[in-house]
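What follows is a set of structures to go through.
Below are two complexes that have chain A in common, paired first with chain B and then with chain C.
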Partner chain A sequence: MPIEINWQLLMPELIIALTLLIVLVFDLFDSISKSILGWMTIVGSGIALWVSIQMHQAGTVGTQFNDMFKVDNFSLFFNIIFLVSTILVALISLSYLGRDDRKQGPYYLLILLATLGMMLMAAGNELIIVFLGLELMSLSLYVLAGYFRDSPASSEAGMKYLLLGAFASAFFLYGIALIYGGTGTTNVPAIAEAIIAPNKSPLLLAGMFLLIVGFGFKVAIVPFHQWAPDVYEGAPTTVAAFISAGPKAAGFAAFLRIFMEALPNLQVEWSGVIIVLAMLTMTVGNVIAIAQTSIKRMLAYSSIAHAGYILIGLAAANNDGISSAMLYLLVYCVMNIGAFGAVILAKTEDGESLVISDYAGLGLRKPLLAMFMTIMLLSLAGFPPTAGFVGKFYIFKSAVQAGHIWLVIVGAVNTAISAFYYLRVVVTMYMREPEEELPFASYPSTLVVGLVLAAIGVLLIGILPSLMLAPAQNSVF
Partner chain B sequence: MLLSIVIFLPLLGVIAIALLRGLGASAIKGIALVIGLLTFIVSLGLYTGFDTTTATFQNVTQQAWIPGLGTSYHIGIDGISLWLVLLTTFLTPVCILAAWNSVEKGLSGFMMSLLALETGMLGVFCALDLFLFFVFWESMLIPMYFLIGIWGGERRIYATVKFVLYTMAGSALMLVGILALYFQNNNSFDLTTLSGPFEHSHLLFLAFFIAFAIKVPLFPFHTWLPDAHVEAPTVGSVILAGVLLKMGTYGIIRFCLPLFPDAATEFTPLIVPLAVIGIIYGALVAMVQPDLKKLVAYSSVSHLGFVVLGLFSKNPAGIQGSVLQMINHGLSTGALFLLVGMIYERRHSRMIVDFGGLAKGMPIFATIFMIVTLSSIGLPGLNGFVGEYMILFGSFVQGAFSKIYVVLATAGVILAAVYMLWMFQRVMFGTLDKTNEALPDLNAREIVVMLPILLFIVWIGVYPKPFLSKMEKSVGLVVTQVQTEPAVGRAGEQILQDTELALHGTQRAQNEKIEKEAETK
Partner chain C sequence: MSLEYYLILSALLFTIGVIGVLIRRNAIIIFMCIELMLNAANLAFVAISRSLGEATGQVFVFFVMTVAAAEVAIGLAIIVSVFKHRQTVNVDEVNSLKG
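This part shows the complex of A and B:
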């Protein structure tokens, strides 16, 4: 049977694949400046972003490859999240990688490969496709985490991430196998049809729990979160920003799609588990973040806590829950990359300053940098009028609608706890005097552009949320 | 439209200062003062255009904002919020002028924080949409956090973090309450369409009340207040005492009482003792403070106890007295903090033992201090008396709780006289020692700062009618909403009329009495 391919449906993925090939080819020529590769990545992702937005607005729906690959507003909205993250990460990477030409080519290649993997995950209408996307993404990330070969911390991060990530993939694959055993199919809608109320075999439930474990690793949910702080701390800061953003969103994309579309009939079984995991994740992430002295570790625990907030949306399991999780992921990616970008910006001449106390007095000495950092941290803490507030509010609202009042109370109390450590950085920047004057380096212009974009995004979505809220509400499957 | 201008004009000032900060200190101060005064002048339009014959919201603007969340930009004022808006717009330029020479570092940031804070506070008083209210309620935290944390005293970081965390802990619960109300209000955050009875009204009441009680602060939630006050810069203390605390009492009168009357009635026996404990405890602790600023801070706990007592008396006189007392406290405590700030700038000490005999060297300062002290005590003829009297009168005559509480609260009035006058005596009289001899008296700018406040202190004390008449209808509506029991078998309109009649009666009797007493004193 010949396969009819609708190329138009695959446009964003094809554009990324093409960009990837161009980057690969251009990297072969020694005569050209390699910094152009970063710009190619940005332009390619930009075009793919524009195409995705057009397709989203047109409400394009369709499946490809024997129903394995599904393009709908859900996957297109996630494409927007991934591509925005990729563009921002590429922008903050341009100056970070320095002038070393050998480093540039593979870096952008891996970023693009990971992005392609994420897009496959969001569009996967078949557990195997989701797994393929997951592996494409994860393998690229393992290499990226260990990208600075000369740095022991980076190598350690890469190795740790590889070992734990491989375990998680194995769990995930085993879960798929058991679900196949229980239903006889790996197609998402077909699984939902195969699970009829009384037929809840233990096999199926075991498969479901293994999927939760697998996703739990990938998006860093407590108690599967231990890799995150070490990897974030050791990996190059731009890579940490990347890992914390896009891949988390991709994990949640598949998480939402599989649990809401393939396993809705098991909701009674999984919703309790998700609620407990959400509460645990938020609380553990926030409480441990308080004790951190390194800004990268603090952001790692904060990103764990944020996975907990997003889980609330899944626990709510209604339309608002899904769209609020999507909106929050978008907001979270922008503000988290922005926060990591500000960390990169706070570079001294001898290297990055990663201890929070180094930031003392930054408010007066580097007002622009301090302002960026403050906007991002306030948004992460969920203060109005930033995007973080709207996102959190919408998630809580969906959970109240679903009747999970206690979950919302835990979430709201966690917001207050999180304010403590986010504000501590602001306190250090504006309210403490520096013990010694650290020689801060000057601002690289591309990094500032990236941060300005992130700050505009955070404030714009905060003040006029309808810009992104309506598209998110429009994207539920 | 007018109201939107009042709310966002200060924000325009923030942007203007951010853009023009390069022009130097005097330009920054000039912009801030002009914007502050302009906001006040524009807000006077709200006063002159206010219709006293209706209890409905006025100057209403409603615009779709986030349809996907069911919220709109909905603002308006009634006779209660009108006064708090005016208090805010009045105190802000006063504060800008008071801070003229006292900010050493980051002047532009200071003025920007102050103006941003004004927008936040005005928004809280005008929001008629729960989501909008919460946005303003939370966003006002950030400028206050910077004001205390950057320009504060030695333990400023501890104080500012404590302030933010206390407020956030309270607002976390309020957020849940707001969301729960949303689903009982046909999926809308609009305050004007909210009408009870609500499911789980007890829990909802508590969710709101605890957030407000922390802000007021009601005993035992008050521990953040002395820290914040003592560490805040003078202007921060003035705004904190003058306006920020009123956000708590305003919340009670706007949300807790009218939305959850049953729960309010049931919790009255619990809340009123706490208010009375706050009155007595605040006064007793104020008495033994060696630090002037701390003394004033604890006196706030005591004064706000009166306001809460009056609110839960649930009758027109008591609630009107409470609203008036909110303004009074804003004026007199704000003035006290300004005066303490002025003496601190000269002597770099706030310890009572360091002073004595100041009246000899600084007669103008001493005179103004005396008037403000007496106003704070509640001397007839000055503003404090009218408010306290109405609260006690309302609580005693028609209060929804035992009279013994009112008797105890009255003891707070006496204690206030004890701690304030004792403090005044130790600071102003006695021997003037060497170090204090050289302290200069108030300069022209400082007198200009104090004079408008004194004007209102005397005005409200002598002739409170214009203030009371504007809030009469709105308070009457709150009273009818909170007294729901007799509603069986009677049309709502009838109750409204009855209450208005009763209100007029009490009102007239009181006004006559107050005027008579003011004359005799």
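This part shows the complex of A and C:
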């Protein structure tokens, strides 16, 4: 029996796969300038993004490969998140990697491979596809985290990420095995059908908790978050921006799809756990972030706290919860990459400015940089009229509708706590005098373009929330 | 033999792997323990697949073995690059990143 393949459904994935093959081949030629590979990545991801947006607007739905691969508005919306992250990260990477040609080829190849893995995770309608997508993404990221082989910190970050990531993957896999044992299938809709209310085998429950542990590691939920600060600090800053954005969204994509579509009949069992994890994650992330002196570690703990806010959407477990979590993930990716981009822009001739006190006096000496940093930090803290406010507002609203008032109160208190450490950086930039004036490296134009795009995105969604809210509401399974 | 025996063996292997990851300090040994956890999952897949009389689980195992091989290749390369910097792969001594 010939298998009919609907190529149009697979377009975004195929474009990314083709782009990464072209990058791989062009990396072989020594005679061309390797920065062209970065531009190929941006163009390829841009085309895939355009195709995804078209498919999303047309409301394309369909399954491929014997019901294993599902294209719907949910997966297409996540494709948009991943591709926007990839384009922004490629833009801020162009100048960061420097003029060393040997470094460039594999870097963009790995970024594209990780992006392909994320797209598979969001479209996986079968646990095997989700697992393979997760591994494709994770294996590329382990290499990226240890990408600067000459730097001991980068190698160490790579090793820590590898050991804890592989540990988490094993939990995830064992969870899949037990769910397979409990239901006899690994197909997402078939699992939901096999779980009938009284038939809750212990295998199934154990499998579900192992899945929570596996996802918890991947998206950095307390108490599975310890790897995140070390990896963000040691990894190259552009890679830290990438790890904090796309992979977290991909983890949540699979998390939402598996828990809302395959395990809705176990909601009584998992919703309590998710609520407790959300509260813990927000509180621990924000409280520890206050004590940080390194800006990359501060952003790492802030990204842990943001995972907690997104979990509120899953805990609400209604359509509004899912759509607001998706909107929040989009907003979060843009503003977090923007914040890391501003850290790269603050580079002096001595190297990167990684301690918060290095930012003293930047408000007067580098007004453009200070403005970008302020926009991103205000958005992360959730001040109007930025996108961060819109994201938090809809997340909290969905939780109120679901009746989780306490969760919203904890979230609101945490937003107040987080304002303290975000604003501290802003205050340092505008109101402190620098101890010594180091000469700055010049502004690379591609990095500024990336930051301008991120800032426009953050302000546009902040002022016109319906621009992205309506598509997100259209995208619930 | 019934399915339970296989699942108990697989749970035991998985637990040994988890304990190994948590208490051993050599990065290579930790990595071996992770492989043990993956193989415990493989055993569960094969046993369940056999008792259900359908092939999904066995196909899954092939993919997991491929992924594990890729993971080893990347993992050992990263561990070698750490060793070049520090002349040790003891995870307690590789701790310059903390705060």
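Note that in this section the second predicted complex is superposed on the first by the 476 of 477 C-alpha atoms of A that agree within 3 Å, B and C clash if a C-alpha of one lies under 4 Å from a C-alpha of the other, contacts with A are read in each partner's own complex, and residues count from 1 in each chain.
Operating definition for what follows: a contact is a pair of C-beta atoms (placed from the backbone, for glycine too) under 8 Å apart; a residue touches a chain by one contact, two chains touch by 3 or more.
On a predicted model such as this, the values are computed, not experimentally measured, just so you know.
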First, second, both or neither for A:A412, with chain B first and chain C second: first
Partner, of chain C and chain B, that touches more residues belonging to chain A: C
Touched partner set for A:I53, first chain B, second chain C, both or neither: neither
Which of chain B and chain C A:Y180 touches, first, second, both or neither: second
Chain B versus chain C as contact partner of A:V452, first or second or both or neither: neither
Partner chain(s) touched by A:L364 [first = chain B, second = chain C, both, neither]: first
Complex interface listing, chain B residues touching chain A: 65-69, 105-106, 131, 134-136, 138-139, 141-142, 145-146, 149-150, 156-157, 160-161, 164-165, 168-169, 171-173, 175-176, 179-180, 182-183
Chain C residues touching chain A - in the complex, by the definition given at the top: 3, 7, 10, 14, 17, 21, 27, 30-31, 34, 37-38, 40-41, 44-45, 48-49, 52, 54, 56-57, 59-60, 63-64, 67, 70-71, 74-75, 77-79, 81-82, 84-86, 91, 94, 96-99
Residues of chain A touching chain B in the complex: 363-364, 378, 383-385, 389-390, 393-394, 396-397, 400-401, 405, 408-409, 412-413, 415-416, 419-420, 423-424, 427, 430-432, 465-466, 469-470, 473
List of chain A residues in touch with chain C within their complex: 128, 131-132, 135, 139, 142-143, 146, 149, 152-153, 155-160, 162-163, 166-167, 169-171, 173-174, 176-178, 180-181, 184-186, 203, 229-230, 233-234, 292-294, 297
